[in-house]
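Got some structures for you, see below.
Two complexes are shown next, each including chain A; its partner changes from chain B in the first to chain C in the second.
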Partner chain A sequence: MNKFAKWGLTLPATIAVVLLLVIPVVLTIATTFGEPKGVFSTYTAFFNSGFRTNILYRTLRIALITTAISLVIGFLTAYVIAQMPGRLKSIAIIAAVFPLLTGVVVRSFAWLIILGKNGILNSSLLSLGIISEPLSMLYTEGSVIVAMVYLFVPLMILTLTGVLEGIPRDVVEASASLGAKPIATFFQVILPLAVPGLIVGAVLVFTGSFTSYATPQLLGGEQMMMMGTLLYQRAMVTFDWVGASTIAAIMVVITIAIVSIMSRIARRLNPMAV
Partner chain B sequence: MTVSLTIENLSAHYGQTQVLKDLSISVAAGELVSLLGSSGCGKTTTLRIVAGFLQPTSGNVKLGDRDLTTLPAHARDIGLVFQNYALFPHLTVQENVAFGLKQRGISSADRAKRATAMLERVGLANLADRLPGALSGGQKQRVALARALVIEPPLLMFDEPLSNLDAKLRVDMRVEIRQLQKANGTTSLYVTHDQEEAFSISDRVAIMNAGRIMQLDTPEVLYQKPANAFVARFVGFENLIPMKTVARDGAIVTVEAAGGARLHLSQDVFGPIKDDFVLATRPDGLVVRQEGEGIPTTLGTRTYLGRAYQYKCETAAGEITANGALSELFEPGAKAVLVPVPEQCCILAPEK
Partner chain C sequence: MTARIHPLLGALAILVFLFLLAPLVIIIGASLSNTTYLTFPPQGLTLRWFANIFEISAFRNTALTSFQVAILGTGLSLLIGIPAAYALNRYRIGLPKWLGTLFVLPILVPEIVFGFSLLKSVTIGMGLPVYPSLIIGHALLVLPYSVRVVGASLASFDFSVEEAAISLGCPPLKTFFTVVLPNIRAGVIAAFILAFITSINDVSISVFLTGPGISTLPIQILAHMEQFFDPTIASVSVLLMLVTVGVMAIVEMTLGLTFLTK
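For the complex of A and B:
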């Protein structure tokens, strides 16, 4: 096969990406610089609005907390799964991934039922006499984070199980034979070798939760708007297309920034990570 | 600080299958003993039990007067060299070698000094800052060796350390391993399936089969005087000819092979001869003659070996391989007799 034929194979995908992703993104971002009040006027407007920057900070906070919690839960679970014998392992992975078979809306909606005023959690706590009146758990950052962790942990487990399984047994044994206690082996060998997986998982969860729409819409409501819901409101409720594009552009930049910070951390922890 | 390794009555199971059967070995201080056998013979299982990666069903492991049997692997203080090197891919060569020292709480200045000195000994000082991924197989195994040696363990263990290297490097490396081991006087246990490797590197070799030690001896004894049919076959005694004693007259014993061929063997040269035994020889241990007392045969395929002609010989006792002298050429199909050379034959108990 000659060189051109080989490149030809990537042509359909390249055309799709250029037509459906590169051009729209460039056009969207371009519109934000075309305002009569000045090239960066939409951005100064965004960052001068306390309401909007609050939403940005909240979105960042929620996404980072969700990522951190998912990393810990996902890693611990994957660590256990990776050591299971074959059959049990497949069952555990299927069980972990099972929630992915239903849609995001359904899974977020489930938390409405659990966390609501008359929800399962409140009624259980009431009947156990732990609380005397229902807690308001919905429409808080906490409820959004809980639902997002639930949403994204399966992805993390899946990614990390693969990476942890790939750590050769004899490397772990070599560490023990050299006198490393299990905790030292964990921090000096297993964790650094899992870094590539932790980064992939973290990027997946961060971008997913940073850009999420359905979950904050259902569980955050008007009080707990995130960038996704704000963008929707700008575009579909107030028809402020330039404002919406500005939000989109800010989201793209922040996502790229966070991802590159993560891979820089990864490289420091494990020189083999990309 | 050289100590002996004592393995006593070790048994191990994988599920229902017993993989080690009451195995005992002792390795003297400073000695290198190899466990030699085909895959599944239990040699690696033995090593993994000594290392602390597997728990035996019964028996115990002692290093000097320290009982290791229930200690976790990290508390055993054993230097281990793995078949796949098992280097830490995220650490540089230097950090790999210093890893064990770090676990022992040695200061980073001391660690660096000792790791560098050890890397110089294995000739890799110039690669200290590389990651293992950038090294060749031989270099990786040198790093693994340095990493195991730098902690100055009372016991070194090798799990088929050379089987991923090419033939020439294998020979160089085994000489190097032996020199380092001798220079340090470290008691060592070496697992391999390669007979030449085991014989060339070891003080003593344990030939294993089905979870048991068939014979533990110096390479010379194993090679010349195998104790049983299994070991004989393992070290190249291709011909195992079952025989029966039919008459005794002082030291001279008249024996009969299947098919009725009779030989007169002297116990003065062959050693004591039982009523039922196996005469074991290498192809060199049989002389091909035109006539005389021997096992009658029809010669089959002839191959030229350089130092001799090798014949596949049809006999009433089965097919036998014999090396005939260059000076006397036999044609395929010729009738001849095979005469055992006493010094090159072993009288062994029949196989069960």
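For the complex of A and C:
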């Protein structure tokens, strides 16, 4: 009875994931090796195309910069939130959760209004006399990065607030009572203890921005394509399904590599897990 | 941990919160502007852009589709996710470890790759119509919430209570509904909310699974923006923010928002 129950209860979810996710994704990747020109011909085509490799490098660069900025901003903000008294802390958490739960289209759209040619930033800079004609800020790497940071900072703040709250008070007090200055406590006690959490946050933000679609679509346009928008364009505009599958395969491999390498590093660096 | 905050650090945090909230305030302002283009601060106040949403049938239809897909997809994911979460926690030792990983795969696989693969294999390969494909895609997308969030609440459930009920003669299924389920109610509600909001905001899967007459609200917003850049989009965004407010109110009432930092 027990044996039947434990397998039977997991069966529907297992079948659903295997049949509708694992097999379709494996098939997508498999089709890239079935080309008459050779097993790896679609990959040589991808990496020989300056246009496509540029997009790959741009995507990696944007994801990396977004992750770095989000880490710094998110960690410092989470540190402040963790010290706040109860009521203020709840308000701060609400202020971070609200954008997080608001859709990516809405949040990216906000930056279209701000950064557009007739946008708020241009018109304020013009009226202040700082610039004499509107700047083209949209459809640049910068605009995509700003919107991505905006997208992922709340996630980082919430992840890291949880991590910092989990650091035992005794450890911080012990450091202070042994004579460490606050700044030394921060760098020598709190930061090392937060490293596993920082890695989790970094992985979430990196994979999220590396595979994003809506934000580069809105703020990058045709000029600043990323892997996600390139995949969509190949699949639904030019109907080059093998090309799109190749992009999909590259995205899957990079994502899995990052997740597994970083979680291994996180395990090794965790000072509490001895 | 508690320590004193350097004033510079405090100032930085205030700037970060301004950065987080100002764009949303700008959207609200732009939605009220009595101009045919998007601008902030609003020039003249009007609610006509909100009225305009309801006049455009594409917004009405896609909003309805989004809502249906979110409810059905989330429901489906809970239907298969709760039993799986139960088994993973109840028979922890007897089940292989990879099973737990399998159920979070939808988070690990890039969403856009999943959407594309679903279109290729399920919608076109298996000939499934767009609407059920959309529901299946969303159900799988949110399955990790059903398994993990419900699982977290099962992890703190004392299964000896269940055993007591069964040994006193209560049938297993009835025990589940009258003993186990009431105890993990908070987890189920949380899973539902997180799944619902994820589904309703989804772009990367839905963008592949739209057909003649079927599309979701976020996709419709993207399509509308390519043609018109008027305050209608801002007012739709405000309505979506109201959905977020509603969701947060439910989370606060059931679990407390600090739940989200755990």
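FYI, the second predicted complex is superposed on the first by the 252 of 274 C-alpha atoms of A that agree within 3 Å, B and C clash if a C-alpha of one lies under 4 Å from a C-alpha of the other, contacts with A are read in each partner's own complex, and residues count from 1 in each chain.
As a convention for this text, contacts are C-beta pairs under 8 Å (C-beta built on N, C-alpha and C of every residue); 3 or more make two chains touch, one makes a residue touch a chain.
Predicted model only: the values in this text are computed from it and were never measured.
Novice: Looking at A:179 after the superposition, I want to know if it touches chain B, chain C, both of them or none. Which is it: first, second, both, neither?
Specialist: After superposition on chain A, A:179 lies in contact with chain B alone.
Novice: Per the contact definition in the header, classify A:258: touching chain B only (first), chain C only (second), both, or neither.
Specialist: neither
Novice: In the superposed arrangement, which partner chain does A:270 touch: chain B (first), chain C (second), both, or neither?
Specialist: A:270 contacts chain B only, not chain C.
Novice: Considering only the touch criterion stated at the top, classify A:9 as touching first (chain B), second (chain C), both, or neither.
Specialist: Touch partner of A:9: chain C, not chain B.
Novice: In the overlay, answer first, second, both or neither for which of chain B and chain C A:192 touches.
Specialist: A:192: touches chain B, not chain C.
Novice: In the superposed model, does chain B or chain C contact more residues of chain A?
Specialist: Touched residues of chain A are more numerous for C.
Novice: Would you check which partner chain A:55 touches, where first means chain B only, second means chain C only, and both and neither mean what they say?
Specialist: neither
Novice: Classify the contacts of A:71 with the two partner chains as first (chain B alone), second (chain C alone), both, or neither.
Specialist: The answer is neither, since A:71 touches no partner chain.
Novice: Mind sorting out which residues of chain A both chain B and chain C touch, each in its own complex?
Specialist: Overlap of chain B and chain C footprints on chain A: residues 168, 171, 176, 182, 185.
Novice: State the interface residues of chain B toward chain A in the complex, per the touch definition above.
Specialist: 51-53, 72-80, 82-84, 86-90, 99-100, 102-104, 131, 133, 147-148, 151
Novice: Spell out the residues on chain A that touch chain B in their complex, using ranges where they run on.
Specialist: Of all residues in chain A, those touching chain B are 168, 170-171, 173-182, 184-185, 188-189, 192-193, 195, 270-272.
Novice: Touching chain A in the complex: which residues of chain C?
Specialist: My answer: residues 1-6, 9-10, 12-13, 16-17, 19-21, 23-24, 26-27, 30, 37-40, 79-81, 83-84, 86-88, 90-91, 94-95, 99, 102-103, 105-106, 108-114, 116-122, 125, 136, 139-140, 143, 147, 197, 200-201, 203-204, 207-208, 218, 221-222, 225, 233-234, 237, 240-241, 244-245, 247-248, 257-258, 260-262.
Novice: Taking the touch rule as given, give the residues of chain A at its contact with chain C in the complex, in rising order.
Specialist: On the chain A side, the touching residues are 2-3, 5-7, 9-10, 12-14, 16-18, 20-25, 27-28, 73, 76-77, 79-83, 90, 92-99, 101-107, 109-114, 116, 118, 120, 150, 153-154, 157-159, 161-162, 164-165, 167-169, 171-172, 176, 182, 185-186, 190, 207, 210-214, 217-218, 228, 231-232, 235-236, 241, 244-245, 248, 251-252, 255-256, 259.
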